[in-house]
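Labels for the chains are A, B, C, D and E, by order of writing; each one numbers its residues from 1.
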Amino acid sequence: DGHAKLSGDLRIISDMSNPAPRAVMEGLAADFGALHPDLNIELDIVDREAWKTQIRNALTANAPDVINWYAANRMGPYVNAGLFEDISDMYANGDLPGLEAVKGAMTLDGKQWGVPYTYYQWGIYYREDIFNELGLEEPETFEQELANCQKIVDSGRKCYAIGTKFLWTAGGWFDYLNMRTNGFDFHMQLARGEVEWTDDRVRETFANWRKIIDMGGYIDDHQSYSWQEALKFMTDGEATAYLIGNFAVAPMRDAGLGDDQIDFYQFPMINDHPMGEDAPTDTFHIPANATNKDNARAFLQYVTSAEVQTAINSGDALGQLPVNANSSVDADEFLEQGFEMLSNNATGGVAQFFDRDFPAEMASVGMEGLQEFMVFPDNLDDILARLEDARQRIYK
Amino acid sequence: MSGLTISNVIKRYGEVQVMHGVDLDIEDGEFCVFVGPSGCGKSTLLRMIAGLEETTEGSIHIGARDVTRMDPSERGVAMVFQTYALYPHMTVKENMGFGLKMNGHPRAEIDKKVAEATRILKLEEYLSRKPAALSGGQRQRVSIGRAIVRGPEVFLFDEPLSNLDAELRVEMRVEIARLHKEIGATMIYVTHDQVEAMTLADKIVVLRAGRIEQVGAPLELYRDPDNKFVAGFIGSPAMNFLGGSVKGGKVQVPALDADLEIPVTLPEDGRAVTVGLRPEHLAVDPNGSTHIVELTEALGGVSYAYLMSTTGEKIVIEERGDIRSNEGDTVGISYDPATAMVFDGETELRIR
Amino acid sequence: MSGLTISNVIKRYGEVQVMHGVDLDIEDGEFCVFVGPSGCGKSTLLRMIAGLEETTEGSIHIGARDVTRMDPSERGVAMVFQTYALYPHMTVKENMGFGLKMNGHPRAEIDKKVAEATRILKLEEYLSRKPAALSGGQRQRVSIGRAIVRGPEVFLFDEPLSNLDAELRVEMRVEIARLHKEIGATMIYVTHDQVEAMTLADKIVVLRAGRIEQVGAPLELYRDPDNKFVAGFIGSPAMNFLGGSVKGGKVQVPALDADLEIPVTLPEDGRAVTVGLRPEHLAVDPNGSTHIVELTEALGGVSYAYLMSTTGEKIVIEERGDIRSNEGDTVGISYDPATAMVFDGETELRIR
Amino acid sequence: MFPTPIEKTSRTWQLTYQALLPVALAIWLLPLIAVATFSIKPDADFTNGNYWGLPSSFEFFTNYGKVFFESDMPRYMLNSVLITVPTVIGAVALSCMTGFALGVYKFNGNLWIFFMFIAGNFVPFQILMVPVRDLSVDLGLYDTKLGLVLFHVAFQTGFCTLFMRNFIRALPYALIEAARVEGISEWRIFFFVVMPLMKPALAALAVLIFTFIWNDYFWAVVLTQGPDAQPVTAGITSFNSQYRAAYHLMSAGSIVAALPPVAMFFLMQKHFIAGLTLGAVK
Amino acid sequence: MTDMVSPPIPPQRSRGWYKRNEIAVTPWLFLLPGILFFAVYVIIPIFQSFWISFHEWDGLGEKVWVGTGNYERLLGGDRKFEVSFWNNIKWLFLYLLAIPAGLFIALLLNQTVRGIRLYKSMFFFPFVLSQVVVGLVFSWFYLPREGLLNAILGVVGAGPVNILGDPTLATYGIIAAGLWPQTAYCMILYLTGLNAVDPEQIEAARLDGAKGWKMLWYVVLPQLRPATFIAFVVTIIGALRSFDLISVMTNGGPFGSTRVLSFYMFEESLSEFGFRMGYGAAIAVVLFFIMLFFIAYFLYSMYRDEKGAR
């Protein structure tokens, strides 16, 4: 496009550390560099888990020009601390065509603080071949889900792979169970600290969850695995399904599962609420202390452009959904299904994710409780009391 | 209690043989001192008796029992080490009682024996101190006490006084003599110190390179050594040795510029011999002119003159009181030829 | 070169006073030995002269210069340490030349001085060795060499031989005497050893608890001590002290069962005195019956008898050759009253 | 010594002992042996569940090649070197000086300063974390190798001072007095008399500090981020997240990360053990 | 002779201030850089931490003074704190097992047979490894299904166990991993200690009839006291500092059951959901006081040794 060639430096720190995203990020930097031969791009890719603790330092000391982060509440602390650059002007003067729809997720205090570059649906990925073998259908209600699960368990398998070592995967289950049991709005109230954790409605969510736990639906020892390590159970066929984000498709394929072996369905209905969905948005931001903000803005613009969005979110790249309305969703069965689901079936609302919607401290205490519940469901009262305690302290 | 018999004992460390067949009898109640130059095997022999070193060949009997292959603790010996080897974490009392405790003796008995040893060694005041709070002499006394308490048949001492200063050494020496008289046990004692050997021993064993050179009472060795080695080793300052040769029933000694008539059975004429004269048997003769006084040292009670003969041989003279000559003087030596000893020039054996 | 004058020197460590006003003159070229019991302040005094300890009060002059507040290096002294204090990472040559090199002397001068010292001490062969490859005696020689190289006015020695074994000690002692004769510098020497003190010193300084007891030539101290302490300290075995009292111009000594007529100016009658008799001035009298022989020790050339008087006082007798009596015998003592010394019973000062 | 020296026991027991040693060693090092085996296995062994069997094929070069050529590990390794070596030099140099001052001179407060160093060395370093991180941020040293180096130098100075001071104190004091009598100035005494004698201690300490710093993880996490400045201990965790569940690569990465101190240990064994026993504290 | 004695005595010159005070000033010059560094990076931060612990602070904005608020919350029933504290106690006690274990191995290896030096080094090996590597190695060793531990248990017919996934076992599992290098450390301390054992005392004890355990207990162990003391100190310190292993092996989980104070402190201050610097500092201060107890003990015994020395 007709932009002036850039020069100088551009330092990017990215947390896209898994192999597929890593390749995408490296490609992005390379391509952007090719457009601007005089631009000296320095790209550091850091461990995604580690980045969550490092970002604060990165923003305060020797800040790079572009960083990765997450949308919604998760931006809050940095926005409040004035560490993110306000880029409302880019939205206002049309530098970012096609992003109008996702602008909301980037808005805090009426201003925009970054750009999204991808988002993805969550849902249940399952082994199609095993479902076929057992004669199972994609369930639409929780009862069907449980019935399916019973059959799977009876066949000597587990229903769900999950790795809760880093806690957040349990958050996904809770999000869905709670949104389905009590509805999207209730879930958000809970996130905002407006509902007690000891509320009966919360208990009902847990009661539903417990049904799966009690029937032996989850793999054993999930607290010892990361989500990647737990993938193995699905690829081995020891477990038949995985409630996870779409980013898991790439590694599943890498592990040798063909598209005829995996499929996707939306988390089934429990109570009759409009369906809410988790669709976390990953973002790029410019630190307020960055030194090459113009170059950074150019990069943000580049990343969100329709073509680039199409390219990086394609099935053989990130395998996720583009944020630009003008991009096309790759002809990938999962992306199409996900796009369809989020566009038409997420009438309840779209949530970011447990650890992005809840305040950090609450998320941390909460996910620990969720993990504990998954291992020791009998501790529920104790866990809820603890969470309620934390809630009262945290939301002052 | 009982004596000790060592028969043809040999010790090898791997290929190296350090004891070459030692035979020795020690009587019940005798005080036997091992002396000899450093590395001659004194400690090794003592430690073989104790059982701390294995005996390669030969046998060791204590009384009638063959102990050659027994455990140290079963031999009925007790050892006093040069470094005392007290257990630093135990009080004096515990140190002394430790051996009995290990062997399961009843408390009352231990207490009684410790009390007895304490009395003998006058350690009453120190019973509850730890070794670190004792002086060197007291420590050595405790280590002797430890030996006494076990009531051994044989006491072994390896240079027990060499870590003490001169004064304490004298004091402890007298102490050990008294102890031997009081308890009358067989004692074997290794030392470097002439005075200790001479004053303590009933019997001195002179060792050299893993062999016994001579065994005898102290004065016997002093007066009647079997060979030049023993003669030179016993006595301080050491005996003066002068080269000589036999001629016509006399011994020609160039260093003295004299032919000595010595009452011994001399070998054939022309045979090289060594004449030994003790410093204390010589005196400076201001009228002579065979020697030059290189140095004199007056210690008050006794004086030494270091002379050089015209033939270049050095002679030490010890005199009581002062020496009536100055450094640089030319003097002679007066002596009684009867005090001279003669050794074969080759075999170094005494010619009697 | 120059002598040394110490005037009213006092040393305190915090509250503790360890030198109580010492006055001492040492002549140019004199060999002065400090002796005294452990802890009396010998080392402290020496180190104050060296400048390693500060002088609390009083002054120290070397020659005409007041060095009391000077740096050690400016005083013109060199010190030889008991532990040699050689720099282990330097060769003998480097050790000796190090001080000069650090003070910027030209290479040629250093080499010349080191060569000179090497010659004096016969260290030529060892110049390129490191201290670890030397024997104790050689090390001590190098440390003396290091002192020589600096050409000091005063040499200071703190027990330089006490880490050597008996034989080497004798050898090095003679070496130091020779050195003193050769370079003629003032030397101050601290020792515990009677023999070293008696044989090396021109002048012995007897210290006791931070005070000088007596200063004099060795035999002067032996023969004419000023007080009981010096008399007991100089001479080995130590002088026998017997209680007595003055009566009618004589000294009654119960332990000897005798009234001694001693050629000194005695105090008034009834005054308690101590009579001192050196062991070497006594002999056993087999016909007497005042003492019991507790122990005899025969070393060959010399013998000791330990007697107990009927009054319970112990007496040591040294005789040449053998003592003609056995342990347990009742004997007397023969002596020449003129050899006896008399000390005031209270002040312990000699009565002359 | 104790128990009975083996050469004084029966022949059978001697043989048993000799045979037992390698077995005991194998058990002791089992986890390590396992990782070493992991690191030469092909990926397939893990998918096939052949975790503990013999490698089905020998993939040493593939796996280690990946570590060296397809990851940031070499960069992390270089960082580690650039952090560790200056730290060792700095800490040893500083502590030579402090050790000399505290070991040789008597002055008021000597012992207190010494104790300050020791106490500081034993402090739970978490208590320093927040202020030190802020300090680094303020000085612009956050996420730089220099920042880590400066902190490590400072913190290790506590331990090194303890070590050096005790070593210097054990030197014969007469050496220093002898030099003083010879008119050698204090700093020359330090350089020409004391320093040469400290060589063994320097070597021992250097080896020791090298391993301590190389193996540091906590401060690497607190004071740095990203492959620009992070040492290999931190690098290994991000390497592992890159290859999560690829045990063969993770093992190879861990072994590579552990290699330098291990090599150091074997090359400088004598100094290493001397260091531990001389200093005897960490 | 004459030139030997011509003294190289410098003339009496007026000396500079430095020269006159050389001995008094030099130590301070030598100490200066070290003290400076140490003060800036160690001493002052300790006091800053105390200061911070009285605030609420997210590390970015203004500190808000809360007095003893953080401590009240901490000691007033913070469950994470309680868990961490008790885990620290477990660490303290169980980590001490490294001492007897190290002694045992040292005794085993204290022989002179061929190649024993190599064996000693190999046994010492784990200590050289970074805790990160040790943590990884052990977490694979403990893997719930594929781990070697379960493979071995399987052979014996026991297991499988998921050590790191079981809140009742996880801490012990990590401690066991920590014991591995720590035992090696204690072993080397004891090996050198054994070298210094006075052989004459052993011989005296043999004459006294002490054998086997009695010899060990009454004669050898007392002589190993210095080694034991050092081993004790380093083990305690290691136990209280334990961070790397927890971070690598469980990251505090499962559900916080393996937290210790040092980890909790890090989590509160710098982790993903952390940045409660004041609260973290308060935890650090508590940890500091626990450690202070041991530091004081160590310094006291050093002080005792120093007294009487030069």
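Some observations on this one:
In the analysis below, a residue touches a chain if its C-beta (ideal position, glycine included) is under 8 Å from a C-beta of that chain, and two chains touch if they have at least 3 such contacts.
If you're wondering where the values come from, they're calculated on a predicted model, not measured in any experiment.
A turn of 175° superposes the CA atoms of chain B on those of chain C, with the angle given to the nearest 5.
Summarising the inter-chain contacts, the pair of chains with the most C-beta pairs in contact is D-E. Between the CA-based centres of chain A and chain B the separation comes to 93 Å, rounded to the whole angstrom. Put simply, the C-alpha centre of chain B and that of chain D have 55 angstrom between them.
One simple way to say how far apart two chains are is to compare their mean CA positions; for chain A and chain D this gives 40 Å. Multi-chain contact residues of chain A, defined as those touching 2 or more other chains: 49, 53, 60. In chain C, the residues that touch at least two other chains are 71, 73-74, 103, 150.
Multi-chain contact residues of chain D, defined as those touching 2 or more other chains: 133, 185, 221, 237.
Residues of chain D that touch chain E in their complex: 1-3, 5-7, 14, 17-18, 21, 24-25, 28-32, 34-35, 38, 46, 49, 51-52, 94-95, 97-98, 100-102, 104-107, 110-111, 113, 115-120, 122-135, 150-151, 153-155, 157-158, 161, 169, 173, 185-187, 190, 211, 214-215, 217-218, 221-222, 233, 236-237, 240, 247, 250-251, 254, 257-258, 261-262, 264-266, 269, 273, 276-277, 280-282. Residue ranges on chain C touching chain B, taken from their complex, read 174, 177, 192, 194-195, 198-199, 218-219, 222-223, 234-236, 278-280, 295, 297-302, 304, 306, 318, 320, 322.
The part of chain B that touches chain E in the complex is made up of residues 50-52, 71-73, 77-79, 81-83, 85-90, 98-99, 102-103, 146, 150.
Per the touch definition, chain A reaches chain E in the complex via residues 49, 52-53, 56, 60, 77, 81, 83, 164-167, 220-224, 355, 360-361, 363-364, 368-369, 371-372, 375, 386. By the touch criterion given at the top, residues 47, 133, 136-137, 140, 142-144, 221, 225-228, 234, 237-238, 241-242, 244-245 of chain D touch chain A in their complex.
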